[in-house]
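Shared between the two complexes below is chain A, which has chain B as its partner in the first and chain C in the second.
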Partner chain A sequence: MQPLSSWLKARWPWLAVLACLTLAPAFLNKFYLGLMVQVFILAVFALSYDLLMGYSGILSFGHAMFFGSGAYVVGLLLKGAAWPLYAVLPVIIATGALMGVLVGIVTLRVRGVYFAMITLAFAEVIYILSASSQLRPWTGGDEGLHGIPVPAWMSPTAERVTFYYISLSFLVLMYFLARRIVNSPTGRVLIAIRENEARAATIGYNVFWYKVLIIVISGVLAALAGGLNALYFRNATPEVLGVGRTIDALLMTIIGGMGTLIGPVLGAVVIRVLGNYLADWFGPRWPLVFGLIFVALVMFFPWGIVGTLRQRPLRGLAQWIKRLSRGAGQKAS
Partner chain B sequence: MTLETLVNIGLQGLTMGMLFFLIASGLSLIFGLMDVLNFAHGSFFMIGAYVAWATFDGTAAIIPFSDLRFAIALVAGALAGGGVGALTEWGLIRPLYKRPIFQILMTLGLAYVLTEVVKVVWGASGHSMARPESLSRAVDFLGRPFPAYRLFIIALGLAILLVVSVLLQRSRLGMIIRAGVENGEMVQTLGINVRRVFTLVFTLGAALAALGGAAAAPFVGIYPEIGLEYQLSAFVVVVIGGMGSFAGSAVASILVGLARAFADYQLSPLVAQAIIVAVMAVVLLLKPEGIFGAKKGGGL
Partner chain C sequence: MSALLEVQDIHTYIGQFHILEGVSLAANEGEVTVMLGRNGAGKTTTLRSILGLTPPRSGSIRFAGKEIGGLPTYSVAQLGIGYVPEDRGIFTDLTVEENLKIAERAKGDLDRKADLVFGLFPDLKRLYRLKGGQLSGGQQQMLAMARALVPDNRLLLIDEPTKGLAPVIVEKVMETIHQLKETVTVLLVEQNFFVASDIGDRCYILDVGRTVHTGAMADLERDEALVQRYLGAVA
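Now for the complex of A and B:
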């Protein structure tokens, strides 16, 4: 047991941030509190994506299906079936886990780009079905579900401060959960799989089930974030299942720095808060700016904010210029 | 279903199949040769459609003959796509050959950017493009009228199929490409600059996709989501046909086009799309290298 003073010394920046966030409702107005809530929700979504891409080296282009399913479970059960909220929670978790198991078992037979394609395909099928007019009586078709009834004590409009604390605790809880997983023996195996799958298998780890496990965990986290998202906006539209959502997760993870956990959380802050201002400056086409930032990051700062700070900055830029000037003479690999 | 309906739907399917083929052939060759799964390939299709439409409408005041304007629009669309493709390979893909996972991320980000650029330039809503005069008629086909424009798309697709096959099978460049798909490092070792061939194939593939977009514009309309929509179908085609196999993507395009046409007729287009994507998933699982698979392994 280390003494309290050294524990505090090592962690004071985090405690300071947490204290600021806890006190924030005293200083921020409703609009900014709402923005923060969205940041927290997106942060958990990005966090779950980082567990896959950053820690396990699994490139999924269909992560929106978990997020969107969480949202639709909330919408269908609260609005359609009028379930109480506490009963919906286990259903979200079960849905995320079940989808994770199915997707994992089915898709993990293929690897690399094939995996990216097949996850994209699965997500797209679910997206298409959610928007199809045949399912309109249940899902609301391409308009989605609106006016989801949220219990009065946590109403996102009237009781926004309560909702703020709920989503803040949700993020903190999920962050520590993810960190616990990453630092556990299982997490170490996952990193080993990312670094060299064949070697991890040779040592005797059952690579397949480790991957399924992390897809399930990541899926549950994303589904929970999606569920909270549906509660906050009181709707679930096909948009939460679309490719754009997956790209959001990718963007946040890449901007913040993959394989760092805190990076994607920062990425969510950047995306949501900056996006808010960009919308003012650039009008409806502000996502273009994000796209350009994304391309530039992939090119020059592939390890994102956190990753770049930990490495030597600007190395990517220098390399790019050098490679381009060297021209076509390089060997393919 | 009468015979005439059958023929009509068959021709519709063939039309769609040819459009799929124009995107899928480039996608397949690029993956086969360079191991780059280009998630921005549909964007080239979209660019082709927009540029062709803009050229067609923009030159209306100068050139009175709509047929000539249409021909110019097709060429302009293909050139624009090829140009953007060349720039993409040179500036964005080439520096990332050592980091394949980032190549995919790059193409996905690029698809996002190009869609947004198109929205900035031409607006987020859709447009429609008139057909040239000589192709806006209907032709009698087995006693039923069939739009001449669809026959034109089929003819264009077959012509491109023929030209590219000859290029691949009978030219020195084609030999290098085929050898490169088989074993790129060996080709490099034999003293051939594979990187230059990469740029060439990427440009050619982008130009073909853009040509497809240009030809599709008067037929399906012009809207920003057209890229992703057709790209998804092209993925299905490439997976079924086998990554890197030109003949495979030709056959699979026609199969998927026909399947789509019949499913659209019997079910709703959305459900048809979902079913076909599901078919791709099944093929991926059972035979990841595709039915005509030329290349093994998923890369990365």
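Now for the complex of A and C:
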């Protein structure tokens, strides 16, 4: 056991952030608390994506299917079947895991971009199913399910502070779970597989099942995030299954830094908070501005914000400024 | 002397190319068996075929009396075959320690083998916390061999361990392989005939995907014409 003081010393920035987040409800109004809740939910979704892409090198274009399925499980069981919430939780986990196993077994026969394409197809099938008019009596078709009954004690509107703490605890819990997985021997094997599958196999690892395992874990995390999302918005619409959701996860992970876990969390903050302000300032054209910012971020932070800062603090930015000023000088002469 | 590994007339294709057109060889327990041959003769493909990385279409591969042809790579490895590939196969994002630990097949393998591993490669102790990518070529080669010794492997397949290394290091690597003989059986691919001849017991020469010569290393050393013909050895 290391002494408490050194433990604190190594982690004080995190504890400070956590303390700020814990005290936030005292300072933020309902709207900003809601925004934070969305950030936390998206952050878990991004985390789950990072486990796949960042740590295991599995590029999936269908991650929304896990998120959306979690949302629809909540919608169908709470609204349609009037189940109690505690009974829904294991179903969300089971759904995420089952889908992970299925997707893994079917699609892991192919690799890289082919795997990505098949996951995209998978997700689109589920998306189309969710919006199909034949299933309207159950899923609400393209309108989705609205007015999902949420227990009064955690109502996202009346008890927003409670909901805020639930989401914050959810994020913290999932973050430590992901950290634990990444730092475990299994996590090392996943990094090895990301680097070179054949090498991992020649040491004696069954690469296939390790990949299925991480897809399952990642799928469960994403499904839980989707479930909480449905509780917060009290709805589940085809949009949560759409390819746009997957792109969100991809962007958050890339902006924050692949394979860092904390990066995607930061990415979620950037995307959701920046998106909110940009929409305020620029109206419906905000994605255009966001696109420009994204390009700039990728140029200055090629390994994501966290990844780049870890590798070479701010050197990229400094180099660019130097190059720009040199360019200006040449023009002048 | 019984053959720990017996490869019989294997034919391997990569895509539509017929790379191995009948390779046969045997590695006897406790010996260093050397596979010689020019570039493109099929030496590496033979090792990869044994490991199931490029499974042969026909022929048989027996290890410790058991047919292993057609088994997936991880199963072959779990039977006790270690592989030290030409590119060393170090995981660059993992530390030296993690690279060794990941090779454990049973919990505590590394602790049990610590004396052997660090006896042969004392430098690794000093480099323990460095990432694989930070090591020099020679250090990576040491780590790759050390890693193959962590689990209870009975056979090591070592592919051109001296490639791209400075002459001093080459000597060290060869010395180490010579010492390995006491612990495991070695099947070694080596282009450098003079390096190989010092430590090999038996040798096989491959040429365009076929085994063209089999014999004791000592006999080959005296057969200059043969060496000239298949290896174009520099005098």
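Definition applied: the second predicted complex is superposed on the first by the 301 of 333 C-alpha atoms of A that agree within 3 Å, B and C clash if a C-alpha of one lies under 4 Å from a C-alpha of the other, contacts with A are read in each partner's own complex, and residues count from 1 in each chain.
Note that in this section contacts are C-beta pairs under 8 Å (C-beta built on N, C-alpha and C of every residue); 3 or more make two chains touch, one makes a residue touch a chain.
Values in this document were obtained by computation on a predicted structure and should not be read as measured data.
Shared-chain residue A:Leu173: touches no atom of chain B or chain C.
When the shared chain is aligned, chain C comes close enough to touch A:Pro185, but chain B does not. Looking at the shared chain after the overlay, A:Pro302 reaches chain B, while chain C stays out of its contact range.
By the touch criterion defined above, A:Ala158 lies against neither chain B nor chain C after alignment on the C-alpha atoms of chain A.
In the superposed model, A:Gly204 lies in contact with chain C only, and not with chain B. For chain A, the partner touching the most residues, choosing from chain B and chain C, is B.
Looking at the shared chain after the overlay, A:Ser132 reaches chain B, while chain C stays out of its contact range. Across the two superposed structures, the residue set of chain A contacted by chain B and also by chain C is empty. Within the complex, the chain A residues that touch chain C are 185, 188-189, 191-192, 194-196, 198-199, 201-207. Contact residues on chain A toward chain B in their complex (touch as defined above): 57, 59, 61, 106-107, 109-118, 120-122, 124-125, 128-129, 131-134, 243, 247, 250, 254, 284-285, 287-288, 291-292, 294-295, 298-299, 302, 319-320, 323-324, 328-333.
Interface residues of chain C facing chain A in the complex, by the touch rule stated above, are 51, 53, 72-74, 77-78, 83, 85, 89, 91-94, 98, 101-103, 105, 147, 151.
Against chain A, in their complex, chain B makes its touches with residues 31, 34, 37, 39, 90-92, 94-99, 101-102, 104-106, 108-110, 112-113, 116-117, 119-120, 124, 184-185, 188, 193-196, 198-199, 228, 232, 235-236, 239, 268, 270-271, 273-274, 277-278, 280-281, 284-285, 288, 297-300.
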